[in-house]
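After this come two complexes, each holding chain A, first together with chain B and then together with chain C.
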Partner chain A sequence: MGRWLAKAAPGGIVLVLLLWGIEEAVDAGLVKRSLMPAPTDIGRILWELLVDGQVAGPLAETLARLGIGFAIGATLAVIMGLAMGYWPRVYGLFEPLIELLRPIPKAALVPPLVLFLGVGDAMKITSIALAVFFPVLINTVQGARGVDPVLIDTARTLGVRPLSLLRKIILPASAPFIFAGIRLSIALGLILAVISEMIAGTGGVGFLIIDMQRAFRVRQMYAWIVILAVVGYLLNLLILAAERRFLFWYQVTERT
Partner chain B sequence: MCRRLRRLVRPPDAGGSLVTLLKLNRVGKSFGSGEAQTVALDGIDLELKQGGFLAVVGPSGCGKSTLLQIAAGLMRADRGSVTLSGESVVSPPAHVVYVFQQYTKSLLPWRTVLANVEFALEGRPDIGRAERRDRSRNLLELVDLQSFAGHYPWQLSGGMQQRVAIARALAADARLLLMDEPFSALDALTRLDLQNLLLDLWADRKLSILFVTHDVDEAIYLADWVAVLTHRPARVHEIIDVGLSRPRDPITTREQSRFLELRHDLLGQLMKRRNSHG
Partner chain C sequence: MLGRRSGLLLIAILLLSWEMTSRTGLVTSENWPPVSAILAGLVLETLYGDLVQVIGATLSRFALGYVIGICAGAIVGFTFALVPFVRRMFEPIIELLRPIPAPALVPPLVLFLGVDDLMKVTIIAVTAFFPVAINTMQGASGVEPIYLAVARTFRTGPARVLMKIIMPATLPYVLAGMRISLALALVVTVVSEMIAGASGVGYYLVLMQYAVRSADMYAAIFVIAALGFALNAAFLAAERRLIFWYAPVP
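== the complex of A and B ==
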C-alpha cells in the first residue's frame, strides 16, 4: 500500500495542481464561467446528480447500448478472426474487404446507418458493434495466425477435430491478443455510444451532454463529461481484472 | 550429388514381432522451388515392426523431424508412400502420437497438468468426465507426477513437463509413439531417468516407437535397430541391429563391448559425413 501510494503520489499532485489552477483562473476572471465553470462548481453538480440518483437512468441507458453493441461486435469479431487466422482461404477471402473498411472512422458511418435503421437503438447498437468489431478482429487474426505450430500439431496428432481445435487451442492461445483488441475497442465503443446519442438521441449520457450545452447549462455538461471519464476508467479496470483472471498463464510464460 | 554413397540398407528381420506396423516406402520431400529448392528427404525406406523400437540418427538439420512429421501424417510426402498396418497415412491416424522436443510449446499453458492429460481423452464420447479424470490420474501416477496434478506446466521442470507429454500420449491410447528428440533439451541425469521410464512403458504397454535423435548413445541404448541418415538430402545410409540384451541398464549396458563398438562405428560415420559436408 505504501509503495502504491509512493507511485501514485506524483501523478495525483499534478492532477490536484491542475484543478486548483483552473479554480484560481476562473475565480480571477481569466476564464469565463460560461465557458469553464470552477471545478468545485462542477463537483457540486456532480454530487447532486449522484445523491438524488439522476445519474443512474442516462448512464444505464448508455451502458446497456455499449454492452449489447460490444457483445455483438466482439463475438462476431472473435469467431471471424479465428476462422481467418486458422484457414488461409478464409483469410484470403475477407482480408481485402477488411483492409478497405477498417480505416473508415466508424463515427462517419452513423449518418448512413440512420438512413437504414432510423434513430433508435438499432442504429446506436450497430454503430457501437461496428466500432468494436475491427480492433477485436484484427487482433484475433494476428493472435490466431501466430499460434505455435507445435501446439496445433500436438492437437492434430491427438486426433482433435478442427472445430474443437479452434475452441480449445486457437481461442485460448489467441486470448492475449483478443484482450488487447478488447481494450482498444471498449474505448472506441464508448465513443460511438456517445456520438450516436449526440446525433440522434433522446436519452443517454451523449444526449445529455449536447442537450446541456444547447441549454447553456455548462456545469451540468461538464459534470456528465466527468462521469464519462470515470466510466471509461472503470471499464479499463474491469478489463485489466479480466486479463489477470484469464491470462494468468500468459504473463508467467512470457516472462521466462 | 551423393549418388555414389554405398547403399548398405538391409531391412530389419527381427525386433518385436514380424508384423510390419509402419512402413516408409521411397519417401521424398523437397522444400522451396526452382533454384532455391532443397531436397530434404530422398528415397527413404524404413520399416518398424509391431512392438519394435527403431531409432533414427543423423546430423542436425538432416531432415529427421521432417521424416517423423510425414510418418505422423502431419505433413505430406512429395514422393513415395507411408503405410500404417497396410493403410496409407494421409492425416494423423488414431493411436499414433507425436512427442515433440519442445515440451514447453506442446503442453497447454492455461491448463493444469491433469487437464493437459485429460485433453487427449476429450474427443472420446464413450468416456465420461469422471472416467477421464480417473484415467488421467492413473497415468500421472505411472509417470510419477501424481502430486503435481494441480500444477501448471510452467511450474514444472523440463523433465517433468516431458513426462506430462508422455502421460498425455498414453491417455490418447498411443500404440505407436513418434518421438522427435524428446530428451535432447534435458540435463544428462534427467535424460537417463526418462530413457528408462520410456523403456519400461514400451515394454509394459507393448508400444512401438520410432525415435529420432542426434545422440548416438541414446539411440543404441534404447533401440532394437538404429537407422543412420545421411546429410541433405537425407537417405538411409545403413540400418544397424543393436543386439544388446534387455532389460537394459543405464550403467552396465553402456559398458558392454558391443555398445562401445556400435558407438565407435556410428559416431565415426556421422563425424565423417559431417566433415565431408562442412
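== the complex of A and C ==
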C-alpha cells in the first residue's frame, strides 16, 4: 500500500496541480471562460448530468448503436475470417477485394452511406459495423492460418467434420488474435459512432458535443467529452476483462 | 496464385455488375453512377478541375501534423522510459487523455484555434502522438537487460549506450507505433476536413455529396483509398529497409 502510494503520488500531484493551475488561470482571466471553463465548473455540470440522470439518454443511444454495429461487424468478420483461414479457395476469392476496401478510411464512407441509408440509425450502425469488420477479419484470418497443422491433421485423422473442426479447434486457437482485433476495433467503432453522430446526428454523445459547441455551451461540451473518455476507458477495461476470462489458458505477453 | 486469380475475377465481376445495373437502368438512382462515370470524373477533375490542389492541401496538412505528432510521441516515449520519475509524474495525464476518441476533440479545438489549418494540424498531431508514445515507451523500457549489462561491463558511456543499444532496440516499436498512427491520422485528416473544412479531400467529399454529384463523390473516396494504400505501402517499404535485421517474434 505504502509503495503503491509512493508510485502513484507524483502523478496524482501533477494532475491536481494542473487542474488547480487551470482553475486559477481561468479565475484570473488569463484564459477566456468561453474557451476553457474552470474545471470545477465542468465538474459541477458533470455532477448535474449524472444526478439528474440526463446522462443516461444520449449515452444509451450511442452505446446501443456501438453495441449493435460492433456485434454485426465482429460476428461477420469472425465467420468470414475462419472460412478464409481454413479454405484456401475462399481466401483467394476474397483477399484481393478486402485489400482493395481495407485502406479506405471508414469515415469517408459516411457521406455515401447517408445517400443510401439516410441519416438515421441504419447509416450509423452500418458505418460502425464497417469500421469494426476489417481489423477483426484481418486478425481472425491471421490467427486461423497460423493454427498448428498437427492439431488440424489429428482432428481430421479422428474423423472430425470441417464445421466442428472450425468451431472446436480453429476458433479457440485463433481466439487470441480475434481478441487483439476486437480491442483495436472497439476503439475504431467508438470513433465512427462519434463521427457519424457529428456529421448526421440528432442525438447521442457525438451530436451533443458538436451541438453544445455551436450553441457556445462550452461547459456542457467539456462535460460530454469527459463522459466519452470514461466510456472509452471502460470499454477497453471490459474487453481486457473478457480476454482474461476467455483466454485464461493463453500466455499473454504483458502489454501496458 | 490460382486462388488469387479467382479473387481478381470477383472484383471484375462486381465492377461489371455495378456498371451494368447502372447503365441498363436496373438501378436508377442519383446515388448509383456507373463506374466508368466515376473514373471519367476522376480523370477530368484531375486534368481540368482542382483535384490535384485538393489532394495537395490534404497531404500537406497530413504530413505536417503527422511529423509533429510522431516526433513528440517518440521524445515523450523515450523520456518516460529512461526517466521513471517523469513517467510517474505525467503518465496519469496521458492515460486520461488517451481514451478520448480523437474526433471528439475537434469541437473544443475549433474554439481555441478556429477552423483553419492550425486546428487540423493540431488534431492530426494529437492523434499521431499516442500510439507512437506508448509503443516507444514499451520498446525502450523492454531492452534486453543482457545488452545493457554487457555495455556496463565494457564501461560504455551513457550516450553510446543510448545511441548504439537503446535506440536500435526501440526502433521496431517506434515504427510499429508510427504505422498505427499513419492510418489513424489519415482518418482524422479527412474527418476534420469534413467537419470544419474549406479545402482538402474530406471537404470535397462532403461538398459533392451536398451537390448530389455522386460520381465525383465516389471519385473522392477512391482518391482517399488510394492515398491510404500508397502511404501504407510506402511505409512498409521504408520499414523493411530501416529494420531489415529485425524479425518479429511470432
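Following the convention adopted for this analysis, the second predicted complex is superposed on the first by the 236 of 256 C-alpha atoms of A that agree within 3 Å, B and C clash if a C-alpha of one lies under 4 Å from a C-alpha of the other, contacts with A are read in each partner's own complex, and residues count from 1 in each chain.
Definition applied: a contact is a pair of C-beta atoms (placed from the backbone, for glycine too) under 8 Å apart; a residue touches a chain by one contact, two chains touch by 3 or more.
Please read these numbers as outputs of a predicted model, since none were measured by experiment.
Asks: Should A:Pro172 be classified as contacting the first partner (chain B), the second (chain C), both, or neither?
Replies: In the superposition, A:Pro172 touches chain B alone.
Asks: Is A:Gly21 contacted by the first partner chain B, the second partner chain C, both or neither?
Replies: In the superposed model, A:Gly21 contacts neither chain B nor chain C.
Asks: Based on the superposed arrangement, let me know which partner A:Arg161 touches: chain B (first), chain C (second), both, or neither?
Replies: first
Asks: A:Gly57 in the overlay: touching chain B, chain C, both, or neither? Say first, second, both or neither.
Replies: A:Gly57: touches no partner chain.
Asks: Would you sort A:Asp148 into first (chain B), second (chain C), both or neither based on which partner it touches?
Replies: Touch partner of A:Asp148: chain B, not chain C.
Asks: Of the two partners chain B and chain C, which one touches more residues belonging to chain A?
Replies: If we count touched residues of chain A for both partners, the winner is C.
Asks: Is A:Ala108 contacted by the first partner chain B, the second partner chain C, both or neither?
Replies: In the superposition, A:Ala108 touches chain C alone.
Asks: For A:Phe116, select first, second, both or neither according to whether it touches chain B, chain C, the two together, or no partner.
Replies: The answer is second: A:Phe116 touches chain C but not chain B.
Asks: Show which residues of chain A both chain B and chain C reach, each in its own complex.
Replies: 256
Asks: Where on chain B does chain A make contact in their complex?
Replies: Touching chain A from chain B are residues 69, 72, 74, 91-92, 94, 96-98, 100, 102, 104-106, 108-110, 119-120, 122-123, 152, 154, 168, 172, 178.
Asks: Per the contact definition, I'd like the list of chain C residues that touch chain A in the complex.
Replies: For chain C paired with chain A, touching residues are 2-8, 10-11, 14, 30-31, 85, 88-93, 96-97, 99-108, 110-112, 134, 137-138, 183, 186-187, 190-191, 194-195, 202, 205-206, 208-209, 214, 217-218, 220-221, 224-226, 228-229, 232, 250.
Asks: Can you name the residues of chain A that touch chain C in the complex?
Replies: 7-8, 10-15, 18, 34-36, 88-89, 91-97, 100-101, 103-112, 114-116, 146, 187, 190-191, 194-195, 198-199, 206, 209-210, 212-213, 218, 221-222, 225, 228-233, 236, 255-256
Asks: So in the complex, which bits of chain A are touching chain B?
Replies: Against chain B, chain A makes touches at 148, 150-151, 153-154, 156-161, 164, 168-169, 172, 175, 249-250, 252-253, 256.
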